[in-house]
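So, here come the structures, one by one.
One chain, chain A, appears in both complexes that follow, with chain B as partner in the first and chain C in the second.
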Partner chain A sequence: MKEKFLRPLFFVPALVLLAAFVIYPVVNTVWLSFLSPDGNFVALDNYADVLSQQEMVDLRGFQRGFPYGALIHNFMWLVIHLPLTVLAGLALAILLRGVRGGSIIKSIVFLGMVTPMIVGGIILRFMFDGSIGIVPGIARLFGGSPETLTAYPETALLSLILGSLWLWVPFGMVLYSAGLETIPSEVYEAAMIDGAKPLSMFFNITFPLLRPITEVVVTMTFLWDLKIFDVVYAATMGGPGGASNVLALQMYFYAFRKFDFNSAAVVACVLMLLTTAVAAPMMIRSAREAR
Partner chain B sequence: MRRKGLTQVSRDSLAWLIGLVWIIPFLGIFMAAIRPLGEIIHGWWRFESFTPTLRNFIAAWNHPAAPLSQGIVNSLKVAVPGTVVPLLVAAIAAYGFARFKFAIKTYLFLTIVMLMTIPQQMIAVPIFQIMRNLGLVDTPLGLVLVHSAWGIPWILFFMRNFLTTLPIEVEEAARVDGASDLRVFFQIVLPMCIPALVSSAVLQFMWVWNDFFLALILIYSPDKLLATQRIPLLRGMYHIDWGILTAGTMLVMLAPILVFAFLQRYYVRGMVGWVSK
Partner chain C sequence: MFKRILLVACALLLVATCAAFAADAKTLTCIGPWSGAEMEAFVPVLQAFEKETGIKVDYRIYRGEDLSAQLPAQFSAKTTPGDVIFMWSWFIAKQGEAGHALELTGLIKDGDYLPGALDGLKVGGKLYGIAYTGKVKPGFWYRKSFFQKHGLTPPTTWEEFVALLDKIAKIPGIKAPIVSGDSVGWPLSDVTEHFIATFGGPQLHKELTAGTIAWTDPVVKGIFEGRLVPLLKAKRFSEPIEWTQALELWWQGDYGLYFMGSWITGMVKDPSDLGVFSLPGARGIVFGADYAFVPAYTKHPEEAKKLIQFLATKGQEIQVTKGGHIATYTKVPLDAYPPVDRGVAELLTGRVALSDMDDTIGGEFQPTFWDQLKLLWVKPDRCTEVLETLEKKAP
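Here is the complex of A and B:
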């Protein structure tokens, strides 16, 4: 029984690492966001200041087009990328289930997941390049203009958002595929005997049973869209003229280009508020379930 | 029945069309990497002349400003310990959470799980200062420590879920025979955890290998840059040298693709396992 005193040692290495390299820096960043550059406590002044900067929110965008500011760009990312990812992931999972060679296609689609995002950004830039890229190449077949899509303010952000479907839809597909396998075929057989049509089977059986998966896919995609950095860094560096800037990149610019650590801390805290608010319900639920 | 056969054919072709769409970008960088720039400048899909060459790969490998050979070695120096350390540390703690009883256990566990939602931007500025004070800025060890800490919450969560599915009887029998907690963990529990450990290792390795942001902040000497950090440096000064850049991206992707090819099952299980039970 003397042994029991040693049990805290099981937690010590993990807690020390977390305290030193996660919790302390996080608290420090929150604190920094309340300080002026010369170290005085200014409460929420920095937040008011940063959120009124053009880099963050640029309302003139609604009259003249891009840029709209990093915060609004991230929201655009969410509005466009999130629903398309969920729908495409589910559609692919259902389609590939009953198809010859479906597992091979799944492996191909899944390659996008293991690609480093910095490489993903380069590949998107490559796909959208005016002379060498295939997207303008196809557009040219239909009489479009052969421009580099990531180099123009009007198209830069939208190209990245739509292009990044290629990188992230695989995540939804994998989760939905695993979810579909857990639905017993008897459920469908029973419904078929009752004369259910395929479409009503989808809305009354498949989709409700996949609800937990949908929650996970939506939450993780939310986080992915909010935290997007490498792809934009490699493809456009937030350009041209800030037209594809996002929060994580703006935080990097504040901290390591302008050395304005307080503004950088504000952007990081805004980002954390958003991610935590979105992810907390899922995390708490899955931790409870696992108990 | 005939109609069913027809829909099957159209489903098959639609599926393969989608597979094609997904592989075209990879095909594109492959074509750009193995051909001279002059041949692909009007589109890599044109084959009026086709002279495959390894020149771009060699140029990226020995690039004067950012040789990828060095970058890949540097990345391994971070990714291997950055996988092993958090795996061990988190597995030990996960065992504690799965088996021991103590007052604040649930709250402690929830707190650690919640750390998963924090974006890396939240530690960027202080972590640089901490590492500078420790003398670990611009060293592989500093980055390994940050990746280890960063990997603990999700590995711990994943391992604990796995541990709760293991039968407890074997452990109890060993305890009756007088084995200590540590012995039970290392000799009985750890070997049973191997599938879960492999899944965690695969995901953590990919995560660390593919990381760009933390490396960007902590490593800056040209000879210490990791593989992912060298990719943007291969672009070229005045125009983008697509040949070298695409060859470089393929070299950097080699490690994750090999891991994926051989351990796909574990990768998928890890990905599915920690988000849904």
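Here is the complex of A and C:
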């Protein structure tokens, strides 16, 4: 009986912290998104206003090229960065499994993951610099023109997406490496006795058994792509001409350059809705499995 | 034994606390944007203040871009990371209006400063900041040795300027006649403002700053399409390159000209090899001052006021001796300047000193201006779109 009453008591410190640092800011931000700068309730007017801005969605981009707006740029991150990250992480984990010196190579690859993203952004900027960058340098070797790829609207976003692979691929590689260790070797031995080929073993054993890992990698990468800020801030500041702008950076511009906290709250809520939509299925599944 | 240890520990704690309070009482934190060589030129100013007043000053480096994100949150919590902070004039005025900056009216005399130097820091007649030294954005810098070697001379007409760029473009090894500095975008806005002030006159520059003329106005469009865009299309400007790296490339001869502010004189190996010319016919020159204020939440308001007063007056005289800075305090004698800066100051003679447009307007316009110019530099055919975007964000 005593335990029954004591148990909830232990939740109190955590609940107080959650209420102060998560629930209150979230509720306040949502509330702020429905208010005008002078504090009047304006329902969805802020949402209509922000989502109709060219910084968010610029349909002219489909005729003249970049920029397409922060929302579409974020989707581009998802479409390009997400599958590449998952595939590259998986490929590295498989290729380096059991290879002599594989753990050293993994450690080197993992350096990208431990590099602060803001530093990663600055490194990216120099990687694509026409004068000293490694990417234009390689292009020069093959007769290409040594242009600063982050300076041009048609290549800026793509440079950041592809360039940031080294910052996030290690995350997938580490998780997949751990996942591969959990697959019993007997399963492969049985398949080999049955005459299965390596490719067939990958698609029928490795990949299905790594499904829980893939779900985590996909979800976390999805969230990373949606909230991407520091890399873009440091490398291009969303430019040129907004060609690499993303939602989180637009939120920053609204909040700290325009001092329009209501519009910033709208972007924050849009981001929150998108991330919740992605994270919710994984959380529900985890809860079910826990039961 | 235990009691003795406890007693000694308490005594040590008391001494440490007193020492911390004593140190804290006379230590100010000054936040500024300068690092490297620029910081080395600023630190002697603070040292002179320390010597004169006995008040210790710690210097910390923060860029304006970072402060603009950090300070509003700090001020909302009624705290501040510094006692004297260098920041954009529009930001200071905004914080003064909101009660986050101490009023400094009467601390310095208006008449002792360049005309208009303090205007952007006032709200309703009350002064919330000081103008420190400034930098002139006089025009295109060149190496005298480079010009001599290739038989080049500074132009006196627009046609001569275009011909000069043609000549430089033909010099073997030259990547482009003018190197375009890049950072968050301000070097490009400095060049653009120079074109506006030259071909539209100082009045047009002032009207664009005040928002009384549209960026899409035919006069403005004419300057962009008639002067700047043809040069960009002809690749007379390089693509934007990080500005300190651009300085090195220009100095080593990859480029012929570099549009930069007067602080360049403190950044090159041999300032005596520097020459500078404005666009022919320039009637106005942009003068970008550095501004500072005292946050209302400083724990040492009186000491902070002493420091800011020192910076606004005597400090300027010390600063200009280091090169690269021009005083806004008119009582600084001309002989305090190094010779190369005296030359820069001469360029101002007979010309209108204009306040830096993007620093004055600030807000959302500032990063938009920088970013749109980055686009224009690599896609000059999108000039109309750039001007339309600027008009949307203009005051």
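Operating definition for what follows: the second predicted complex is superposed on the first by the 278 of 291 C-alpha atoms of A that agree within 3 Å, B and C clash if a C-alpha of one lies under 4 Å from a C-alpha of the other, contacts with A are read in each partner's own complex, and residues count from 1 in each chain.
Convention: contacts are C-beta pairs under 8 Å (C-beta built on N, C-alpha and C of every residue); 3 or more make two chains touch, one makes a residue touch a chain.
The model shown is predicted, which means the values in this text are computed figures rather than measured ones.
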After the alignment on chain A, I want to confirm one thing: do chain B and chain C clash, or do they fit together? clash
Counting only touches as set out at the top, which of chain B and chain C does A:G130 meet: first, second, both, neither? second
Have a look at where A:Y152 lands relative to chain B and chain C in the superposition and call it first, second, both or neither. second
Does the superposition put A:D38 against chain B (first), chain C (second), both, or neither? neither
Comparing chain C with chain B, which touches more residues belonging to chain A? B
Looking at A:T115, would you say it contacts chain B, chain C, both, or neither? Reply first, second, both or neither. first
Between chain B and chain C, whom does A:L271 touch in the aligned arrangement: first, second, both, or neither? first
Touching A:E186, do we find chain B (first), chain C (second), both, or neither? neither
Does the superposition put A:K258 against chain B (first), chain C (second), both, or neither? second
Which partner does A:G242 contact after superposing on A: first (chain B), second (chain C), both, neither? second
Would you sort A:D194 into first (chain B), second (chain C), both or neither based on which partner it touches? neither
Among 8-16, 26-34 or 62-70 on chain B, the segment whose C-alpha atoms clash with chain C after superposition: 62-70
I'd like to check the shared interface: which positions of chain A are touched by both chain B and chain C across the two complexes? 125, 129, 131-132, 252, 255-256
Which part of chain A faces chain B closely enough to touch in the complex? 3, 6-7, 10-11, 13-15, 17-18, 20-26, 28-29, 32, 92, 95-96, 98-102, 104-105, 107-119, 122-123, 125-127, 129, 131-134, 137, 166, 171, 174-175, 178-179, 212-213, 216, 220, 223, 226-227, 229-230, 233-234, 247-248, 251-252, 255-256, 261, 264-265, 267-269, 271-272, 275-276, 278-280, 283-284, 286-287, 289-291
Per the contact definition, I'd like the list of chain A residues that touch chain C in the complex. 54, 64, 125, 129-132, 147-148, 151-153, 237-243, 252-253, 255-259
Help me check something: in the complex, which residues belonging to chain C touch chain A? 68-69, 72, 94, 182, 184-185, 239-242, 245, 249, 363-364, 366-367, 370-372, 374-379, 382, 385-386, 389
Given the complex, residues on chain B that touch chain A span 8, 11-12, 14-16, 18-19, 22-26, 28-29, 32, 40-45, 86, 89-90, 92-93, 95-96, 100, 102, 106, 108-110, 112-127, 130, 145-146, 148-150, 152-153, 156-157, 160-161, 164, 180-182, 185, 206, 209-210, 212-213, 216-217, 228, 231-232, 240, 242, 245-246, 249, 252-253, 256-257, 259-260, 264, 267-268, 271-272, 275-277
